[in-house]
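Here chain A shows up in two complexes: once beside chain B, once beside chain C.
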Partner chain A sequence: MERATKPGRVSRFRPRGLIGMSYILESIISGLLLGLIYALLSVGFGLTWGTMKILNIAHAVFAVLGAFLAYWIFVKVKLDPILSLPFLAALMFLIGAVVYKLAVRPVTRAKDVVMASMVATFGVATVVENLMSYFWRPDPRVLKPVYSGSSLFIGDISISVGPLIGCAISLCSIALIYWFLHRTYTGKGVQATWQNPTGAALAGINPERVSLITFGLSIASAGAAGVAMAMVYAFYPAVQSVWTLFVFLVTIVGGVGSVIGSALAGLLIGFIIGVSAAFLPFVWTNVILFALLLIVLLFKPEGLFAT
Partner chain B sequence: MYVALTESWNLLGGYAGYVSLGHIAFFATGAYTTAVCMSRYGISPFATFLLGGVFAGILAALVGFPVLRLRGAYFTISSLLLAVVMQLAFLNWEFVGSSTGLWYKPVPVSIVANRTIFYEAMLLLAIAVTLVARRVERSRFGMGLAAIREDEDVAKTMGINTPWLKMKAFILGAFLAGAVGGIYGYYMSYVHPDITFSMNASLLILLMAFFGGCGTWSGPLLGAVALSLVNQLIVTFIGAEISRIFYGLLLVVVIIFMPDGVLPYMRGLLAAKDA
Partner chain C sequence: MLAISLVAAQTAKAAPAGEPIKIGGSLPLTGVASEQGRWVKAGYEWWAEDINSRGGLLGRPVKLIIYDDESSAEKAVSYYERAITVDKVDLVFGGYPGTSNVALMPVMEKYQKVFVGQGGHGKSFEQGFTYTFASPPLMGEWSGISIAGIYDDLIPKENWPKTAAILTMNNVIGISATPNIVKAFQDRGVNVAVNEIYNIPLSDATPLVSKAKGRGAEFLIIQGFFDDTVMIMRAAKAQRYAPKLIWDIIGSRVPAWFKEMGADGDYVLANNWFPAGLPYPGNDKILEGTKKKLNTSFPPDYFAIGYCWMYTLEQGIKVAGSLDNTKIRDALRSRPFDLPFGKGVKFDSRGLPPPFNFTVQTRAGKNEIIWPKQVAQAKLEYPRPGWGK
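Take a look at the complex of A and B:
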């Protein structure tokens, strides 16, 4: 994983073996922040998988798209990504609705929706990734608003502001989604359709509309997550496959479809990242994460925090 | 080359219905085996490509044991994971050259001769793999796989040893892909985690298999031949990214309109016309 700035790390020479408490804490905190960002990235994916049995492999590519759009808005109009976020989310919702109509809905008629949706979204992901690559060049970009380089200091611990803002975005978005699902009529309709499609239809809930809204919401959340990711990492079109892996990781560990599950899984994964980054060479972090994924897949595929 | 790769993927993907996004990992195993043998020990690839296949088969056996127990989506994700983790691992493993890749001297013949040798070898491999696929399809092995695809639980109750069949298909597909990779490694004379483990190739394999038709031996053959041609044309005249966009779109179209492949679709069209 490339990073624009390694979160939470002020460069001080630390001889190995003298690993101070504050260093460990910094690492854990920045890991947790990151974990919540990954959680937002995965919430939408779990939502479409749970509700519509659609495995949207293209989910992460829309996150990258969101990052790019925020970048261009920032560069051309000088509008801070946080401020442009609502507009971006609405735009991504529309894009999601279009993609749904064109590529996803026809697939729901297939014999094996999961497989077919996987293949179809694999295609969509390739198309979007290469469109971005073609028009915007594959070079890495960085979102650098005014506050991105600085750090907050709490006592002895420094927290980089970029990831902090990204985490804040994630928390707000996750809370919004949770509120939508559990407190609004439409949201409850989404849940109902997920639990019992026939029953929900009998109750007068329009499954088509629910699917459309769910998918749009999912893509919108992906876009927001992309902005959050952009606060921490540099991004480029091809990174979507790496982000996709993290989406899988969080979703499977957290349980498909559960918003709280994704958030908790994100925190867990973030914690693991933080701890392993403090003690092990950088590359081992990924190994541990994928080992975790494999173990969960083999022994508890419904996820550790499934509801 | 793609014919062989797609046919070998199809053994598990089309016949048994277990879509693997990580087939490229076996291909890469073969390529790296050749690379290491060539660069460290100077052994000719025509001896080592089978070894590459063997290593790939062993990998499949090791990995398949836990992974084949998973169903549908989870299996696909795991296979994708395999390819990516291998890529990451190879990026950091000095024995295979980590991030600089392995470069080695090819057999000293002219470029034309080199290409011809490569072409002949691939052609032979393609024919071999297609024949294998054909034999498998018509055998009891193939029927068992088809039963798995239709309904795995029913197949189990009928007494078909599903885990063993899946494993055989997986290992066989891996062995063939590894052999192909072995020759490819020789031809390219350079291996590197980013290009040898290309996700793009996985996409192409999937597309060729689905386009041509998953269930039979002729499908991937048709798909591979047709799409390789189209690929070369687009890449040469329009651009690499455009070709990938085209492939993505084609994949979506194929899966929506002709999920069984081009041939059945065409037959359906012709039948409708006659009636």
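Take a look at the complex of A and C:
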């Protein structure tokens, strides 16, 4: 055992032997799992920003709404969040479509769409957060399916099942979004509209419908991400402001409008969290993450993986 | 956001009359400290209802003006200044948490308003402010008293946990508590194997818990808010890390802990400056308020603490016989008071009572006092039963 630290001083942990190696691997794996969950949280935000020029400040509030809905279904109907996920994603798509019609579509005609959409979606975030507080109270919630407190053990390395399932949800959802955009006729229509709106319209693609699908898809992915986040974090309506931080971090590092970019940025951020937690005092983790953000903004403001 | 509650006087006793006394300020009703803040608000509102039913304050009804500072110290300062300069409140109530109060204490000095609450933390009481009183304080620096009490009075020396891990959120609440906790451990020959500070929001608890487990820490100290404490507990369970004792500073003291954590949240220790059920004046009112307003059998800590803060202000006003804040300040300094957390409490020149601490342990949906022995409601469960037992 090492000598005790002096009062108030942070210990400098140096991994040693088997415990040190398993600790490093656990940290890195845990970071990567979280990073992929952040990727799903951000992918829809990046899509609407990059393609529709809609900066949706309300994106994370819909993730929290997804978490609340999954929690509510789990408590009331005893339906596991994994099983309720397809229904929930469909519901979130519909909610996204309604929000698009009511709050987003009008601002797409503004001179400065980015600024106008920020203001409009800030309003949406406030309304949704307050509605959640009204209906579900502002109390923190913890999603606790039976597997939430268990781990897989590979030798000395433990991998928490909650984040693992959150990561699986994330991977499947990102793969589905990618497949939809690149392998389906509608998805290709969506891409065509982003790349050349006039040409797509001349080819008979309805830009209004494409925008609605894109925004609905974005909100559906936020809802799924909320379930994945709830596998790891406690949540309450006001936590949306904290989750928004993760959304911006991944999107700025990865670049807007790229599904794969978001996934890679999430992985990179997770890897940095894991490695820095393993080798440095934990308090440095956020410093390093936001230093990365600054470096990206200075040297590659379009994002590391922008297409 | 603004909530105004003017609680109608009850007719059973002499009804208060005249212009309402305005008491204002802000609380964190949303944001990271909201889970505690909303219970403080409930405690304030119950005190207002109670005092109005008892004939009012100096015979006048009480009206609360409560702003939501969204857990931001900057907004708390703005809202308190607004309450004082725009709403022209007669009195202010204590703010929460300590991070906001550090910024608010000089403001109260500037406007000469008596500020009875938790105050900031240790160093904020060394700056010569005269209008702030902590009653009870939530003084992180006194947390070491709880650790010392657990070791010295509750566990035979041969069974003491020999290694500890301390995980602390990076804010004034956590940071102020750590040195004295470390000292309490070191004085007893306990090895502090992990002493980590993390930023909030905590992104990942796994590395912290892995480190504590890998170092063989038998005593886990968590100094975080509800969210991060839950994450650490979840990671500990998932990694099958079962220390002999778990002690936390805030997370387990809110009702959501019992509701959301269930059995996993049991047998967690916490230090406290006001646990319910103490044999002192004002406790009966806290229990009455719990039954009437909350419909629970057990008062949430921050509900009770909010009531304590207003109860202390009330005693000062009664002795002063006036709403003149300087007279109230002098009255609070002039003599000992019997308060819900102790009898004969005397505030020193800094506005602090003598250092003290209670220790509680969670079990079956409530906190029970386990130390000091004189007021203990239950025995320490040691070692903490493993997960799921």
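Methods note: the second predicted complex is superposed on the first by the 284 of 307 C-alpha atoms of A that agree within 3 Å, B and C clash if a C-alpha of one lies under 4 Å from a C-alpha of the other, contacts with A are read in each partner's own complex, and residues count from 1 in each chain.
Just so it is clear, a residue touches a chain if its C-beta (ideal position, glycine included) is under 8 Å from a C-beta of that chain, and two chains touch if they have at least 3 such contacts.
Computed from a prediction, not measured in an experiment: that's the story for all the values here.
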| item | value |
| --- | --- |
| Residue contacts on chain A - larger count, chain B or chain C | C |
| Contacts of A:Gln191 with chain B and chain C, given as first, second, both or neither | neither |
| Chain B versus chain C as contact partner of A:Val283, first or second or both or neither | both |
| Touched partner set for A:Ala234, first chain B, second chain C, both or neither | second |
| Partner chain(s) touched by A:Thr108 [first = chain B, second = chain C, both, neither] | neither |
| First, second, both or neither for A:Leu298, with chain B first and chain C second | first |
| Which of chain B and chain C A:Gly274 touches, first, second, both or neither | second |
| Touched partner set for A:Ala116, first chain B, second chain C, both or neither | first |
| On chain A, positions contacted by chain B and by chain C | 133, 241, 245, 283, 286 |
| List of chain C residues in touch with chain A within their complex | 29-32, 34-35, 38, 70, 163, 170, 175, 178-180, 182-183, 185-186, 190-199, 201, 203-204, 206-208, 210-211, 214-216, 226-227, 230-231, 234-235, 237-240, 255-256, 259-262, 264, 387 |
| For the chain A and chain C complex, residues of the former touching the latter | 1-11, 13, 19-20, 22-23, 26-27, 30-31, 34, 133, 138-142, 144, 148-151, 158, 160-163, 232-234, 236-239, 241-242, 245, 273-274, 277-278, 281-283, 285-286, 289 |
| Touch list for chain A against partner chain B, complex | 55, 103, 106-107, 110-112, 114-116, 118-120, 122-131, 133-134, 241, 245, 248, 252, 283, 286-287, 290, 293-294, 297-298, 301 |
| Of chain B, residues touching chain A in the complex | 17, 19, 21, 66, 69-70, 72-74, 76-78, 80-81, 84-85, 88-89, 92, 199, 203, 206-207, 210, 239, 241-242, 244-245, 247-252, 255-256, 259 |
